Amino acid sequence: VVEIPLDDASAITLAVRREAERIGVGMSIAVVDEGGNLKAFARMDNAELAGVELARDKAYTALTNSVSTHELATLAAPGGPLFGLHALVGGRYVIFGGGIPLRKGGAIVGAIGVSGGAVEEDIACANAGVAAWDALVGARSGGSA
Amino acid sequence: VVEIPLDDASAITLAVRREAERIGVGMSIAVVDEGGNLKAFARMDNAELAGVELARDKAYTALTNSVSTHELATLAAPGGPLFGLHALVGGRYVIFGGGIPLRKGGAIVGAIGVSGGAVEEDIACANAGVAAWDALVGARSGGSA
Amino acid sequence: VVEIPLDDASAITLAVRREAERIGVGMSIAVVDEGGNLKAFARMDNAELAGVELARDKAYTALTNSVSTHELATLAAPGGPLFGLHALVGGRYVIFGGGIPLRKGGAIVGAIGVSGGAVEEDIACANAGVAAWDALVGARSGGSA
Amino acid sequence: VVEIPLDDASAITLAVRREAERIGVGMSIAVVDEGGNLKAFARMDNAELAGVELARDKAYTALTNSVSTHELATLAAPGGPLFGLHALVGGRYVIFGGGIPLRKGGAIVGAIGVSGGAVEEDIACANAGVAAWDALVGARSGGSA
């Protein structure tokens, strides 16, 4: 089963883009599926190039570690229980904010990664993508009055 | 200056997807800018995972070598003048079809890469993306009444 | 459009070299374009070999992250918002001084990276390159009689 | 001892550039020292991006294997005694023309690598660099009447 169809990934990406435009920051936006493999990517016209890899790797980190990357900022900091994580798997694990898992019925089915602004901006934009995804899931699961 | 804005890259990607749907093959589609950096990526719901890297690397190869990757199939084959190319730069050069440069006024300003079907299908879908780009460029360069 | 022609990149490189000679330190000097791709490189005769990669990667880091690398020394230090950055993208991000973006009309159009001395020396020499570039841009944007 | 000072490497690079301009092809040009480490690099304004890595790797291949890379096209072809060479050392060995050792008194003291045109054009431009180097060496070794 395809948990996050391309149409949904595009909708998530667009929601992030709208939020990024609203706050006036150029972002790179990535969505990965439940296998950690890239589903959709978009780099806004004013986004710095680091996002090509950081957005994808934030999403990959969130998916593979079942955690938002801003939580890793504490867990993987010097003194934290996961210190050293950032150097593993060839440098693909990002331990600052902008990567967030996407859930469905409690299970993680993918992740979003956003890069381009200050960490707080990246997180805010990623959350816009999560909200778009949750709305899609909610609409499909129906709802009572 | 942004030669291929995200809106154009999205339009190119969508044109490829429509052609892929028409012929019934799941494709991964990548667009890179004039610096070889990823601008947009989409993996269709029935596309195999190899396309995540092959679509991007086909686009990268076409951009950096100023050539369609199906032309490299001959140039870089045993006996050809560029034999060995496929093993260079860490294995990022794809020497079979599906990567095509995007041009504007004769200059290469980006490239498209498509992966997921037989080589001829990849090429056909990439050409649909080139046609969409050329139409965008043509429409902007003015037209007659 | 070529924002930093080879002649300009050579002039920037030479300006750095003159400053390095003045302070008596062997430097490696790299200039990358707006796509992060190497445009020019020179290693002085008394420069250590680390500069072959560090100069280029400092320039790459400054370009892709839109920041001088000495600013990353704080941002990416333990406790900083970007801690962990130095291990990402295969170890290409340098988070100590010597990489500085090159700007034109406010936009980042390339970057310079210098390596070979103490960090403060690298920064001083990189600044000599930035000054040379700014002078070139200023001279072309017109001037009064 | 520095066998190929930066001034010489710059002169070699410039000689290649002049030949490339004469034949109207954009080239990337690299010079490596006797340790195989990059000494100088220049990418002309109309050169394709592949040369960033291919020029350097051609020079590296010629230096480390003590051979011009066009000779490897035969030696490392299917059926040749070195078949498989192109896939070694992470894909840094280029087995088509454009890399040539630089010699002094019979000993190899560096190499030049040129990339950007057809293989024959790359070789011709690399030879212009070798000629410039040989002239520098000859002028210094004195001459009789």
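Things worth noting here:
In order of appearance the chains are A, B, C and D, and numbering begins at 1 in each one.
The working rule: a contact is a pair of C-beta atoms (placed from the backbone, for glycine too) under 8 Å apart; a residue touches a chain by one contact, two chains touch by 3 or more.
Keep in mind it's a predicted model, so treat the numbers as computed, not measured.
Look at the contact of chain B with chain D and you find different residues on each copy: under half of the numbers used there are shared. Using the mean of the Cα atoms as each chain's centre, the chain most removed from chain D is A. Repeated interface: A-C and one of A-B, B-D or B-C share more than half of their contact pairs by residue number, and that pair is B-D.
Mean C-alpha position of chain B lies 31 Å from that of chain D.
A straight line joining the Cα centres of chain C and chain D is 26 Å long.
Within chain B, the positions touching two or more other chains are listed as 35-37.
On the chain C side of its complex with chain A, the touching residues are 35-36, 63-66, 78-79, 81-85, 87-91, 93. Interface of chain C with chain B (complex): residues 1, 33-37. Note for the complex: chain B touches chain A at residues 2, 5-6, 9-10, 17, 35, 37-45, 49, 52. Looking at the complex, you find that chain A touches chain C at residues 48-50, 53-54, 57, 73, 76-78, 85-87, 90-96, 118-119.
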